[in-house]
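Common to both upcoming complexes is chain A, partnered first by chain B, then by chain C.
Presenting the complex of A and B:
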């Protein structure tokens, strides 16, 4: 059962005439403009993909690969110039259904400060529900359980400014979770966090995925975060360059480098050891797998 | 540089004033300010002083804290006193160059200063006892009837609460930018007023750029969470009038009537002490 389906979608950012003029001027006078958005180049080129209900999906890609642009298509923040996106069999172009779509596909953005609207944690979590005109008592219940869901109940009355980056992102996740979504899109939600905050957020969403069956689409450039994914799409220059399970993707070896990505650390270590002549299987990506492989070597 | 502004900052406590509905307090401030300007004689001011003293007592905000908040207002008060004292016409008692003092002037200066301080103390009691969020909720509710004439009450309230939410973030950003510019050799401390003001440009420009970027991102995040503007929204904690709020309304109306009554009575029966 596919939950989200994108069929041959392309997108180009609107070009404003005076920007163009300015850019042209800059081009002749200065150096050539490099921003593809300003040149009206397609940010997405004929992307086709499918997400199943309950999946943990990762979209990998370097800066400017179009991954964030694609993410904004998943809840109708952007509409494709060509092609169609279906969310739960609803075409994202249908204007009267836009709130249904945004309710079922929640989104957590990159900067924790720029997506928290309330001045108190519980108030912020309530924001989406208030917009959907849910009755007050129901909001109070949903907010409590959403905060429990991300392990932030103790901070319900805190000011967001007093929280760490990881905690703020968990509040943002709670804000989405309160609306009972079928899918949560993390648009580089861990990019601005320290390793600990990153772990907090990823553990939280993985738990939501396992326990509540919420589909997770994580958009990232951290390879480590994709290790537990069910499926990975790698984007490059607005196209899907690779797709497959984590093991399939990582076994592509140096091809990943040309796509501007790095191996996960463990994979890289295994790779280097293999180069040195140790017999380690190609599909080792987890720390314990590598440990096992090394122990096997010792026995031999 | 923005750390010691205490005027108007919420003072956490659980007094009766803190628990009152924000709409009552907003009405209270209006009544209070009206009373300050209606009253024009000594007895009236005693009446007002008792009222404000009672309110401060009830609020449980220490007097010291309130006076500290007035620090930035003294200049304004001094200015007002100066002009009233030396430039008022009437029974002249002293004259030098363009300055002259009169009985009426002294009277006016004293009363003007007292009025100004009373207004500020009263208004700041509102913000000392009300969290910004409750206050904006109250304002939104107060402006609700104006929806009919398309007054953007909800939008104003939303803008206020977002502004309040971003004050600490932007303050931090100012500090960061200042340090970054200092590291690049910017000089903020030497030179005259104009030079110093010009020195603010390398802080203000990046600040504005970043504020606009934040605004765009915030708008996207709000849209993603189904925000579509004012009507048809609900509240997690809707404002509800309690018994104490109704009592407060009655007291406020009586107080306003008393102030008006006092003024009329004084104007008719007493000639001394009028301003």
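Presenting the complex of A and C:
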């Protein structure tokens, strides 16, 4: 069953007639405004896609290809200029349902320091629930289980500024998780993290996906993070340029370079070995698969 | 130029309950003709260390010198002494994380001129230096008169780096210069740095969370953990310490983990891994 459906959506950022209007708008509204000089070009062009409940999806593409603009359409932070987005069969344009949509699709952004507001971890996680006037006993329960969900129970009473980047991002995930979402969108949530932090966050969301069936949509520049995805969309200049399973995407070979992507290291190694004449299947992307392929060579 | 650190310590909020030692007992010689990478998990002291290298933070104790000349002086300084110190510190350029947030001028060219302007160069000299720096980061002529706010993310990053290059530092320090860039933008930027390093003989000190890029570009690696320098050596030597690196939250490049897992030892790059594998499996 499709959980999110986007049908021919296009989006243009608002354009203002003169610079003053632009400056004022920038100051008074938190909606993104583009410089009037950069007018014209659509950020999204007729994007159609479906996300099934429980999928682990990745979106790749160059800086400026429209990934984040698209992500903001998934919980009505932005509304399409043309076309329609449905979340759980609700049109994101229906104003009275906007909170239902935002409850079911939560977002985690890039900078851990910009999205934590509480001075104690559990207060931060409770923030969304408090805004919905949930009874405090229920909040307590939800916060406890959300922190458990991301493996941060021991840090409930910590000040967020004592946490590492990876821990802060897991707290941000817990804040979303406390709202019992059906889907979590990660907009480059690992970009600023060290290797351990990146691993922690990815393992956490993969577990939430497997154990709780939460749909995960991850925007990333790290090719390695996409290898276990169910499906990948590659965006280019506001359009979907490629789509498929990780094996399908990476077996496109050097076509990926033109889209600004890179090979994950193991696939890259397999690719070079093939070029040097070794008989390695085209769809090898995981280390254990390459190991197996090399063992098979020995047997022959 | 050699930056030398002797018994350098840095403490945040000294004398309070919040006291944290960010760098302890650092003894290092940096610069020369090296492309050095500093690795370490968040909070290990990397950023504090590099901010001391060009005089932004003063060590609590210990000494930092450029070719033997101290970059910090105790006591009250007169105008001349202050100016001399400032000029000295300009020999080391520091590019912060997400430097594009610091772009502010009306045009790209003006923005890059800002550094040389502050160093007191004439208008012609400023422009000359700015143009050379922009060329070095691969920014085309047509960008020069654009607003820094209407160019792409990758371009902004490179223009911001040009702003530091325009001051012609002898040592260039960059704090996670590729964070948030797409793969193509990352490799373009690293290739530019490599070329600049080789052609101008400017030493590079790169802070990075990507073991793959460190393995590919650096000739020396310094690993920090909990305010201390725990590993320092050639890139090969440091990545041979996989267990230690994993313990401090880092690791080795994926291809290196792979060649180890099939008993072929350490490698740094995909090409090296392929060669080793071909030696064993090429004639099977």
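In this text, the second predicted complex is superposed on the first by the 280 of 300 C-alpha atoms of A that agree within 3 Å, B and C clash if a C-alpha of one lies under 4 Å from a C-alpha of the other, contacts with A are read in each partner's own complex, and residues count from 1 in each chain.
One rule holds for everything that comes next: contacts are C-beta pairs under 8 Å (C-beta built on N, C-alpha and C of every residue); 3 or more make two chains touch, one makes a residue touch a chain.
Computed from a predicted structure; not experimentally measured.
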For A:181, is the partner it touches chain B (first), chain C (second), both, or none of the two (neither)?
-> neither
Touching A:224, do we find chain B (first), chain C (second), both, or neither?
-> second
Which of chain B and chain C A:149 touches, first, second, both or neither = neither
Of the partners chain B and chain C, which touch A:77 in the superposed model: first, second, both, neither?
-> first
Should A:66 be classified as contacting the first partner (chain B), the second (chain C), both, or neither?
-> neither
Residues on chain A lying within both footprints (that of chain B and that of chain C) | none
So, in the complex, the side of chain B touching chain A is made of residues 131-133, 161-162, 164-165, 168-169, 214, 217-218, 220-228, 232-238
Sort out for me which residues of chain C touch chain A in the complex.
-> 40-43, 147, 149-150, 152-154, 176, 179-187, 209, 211-212, 249-251, 253-255, 257-258, 261-262, 270-271, 273-274, 277-278, 281-282, 284
Would you mind writing out the residues of chain A in touch with chain B in their complex?
-> 72, 75, 77, 99, 102-103, 106-107, 109, 111, 113-120, 122-123, 126-136, 139-140, 143, 160-161, 175-176, 179
Residues of chain A defined as touching chain C within the complex | 35, 37-38, 61-64, 110, 164-166, 188, 191-198, 221, 223-224, 257, 260-262, 264-266, 268-269, 272-273, 276-278, 287, 290-291, 294, 297-298, 300
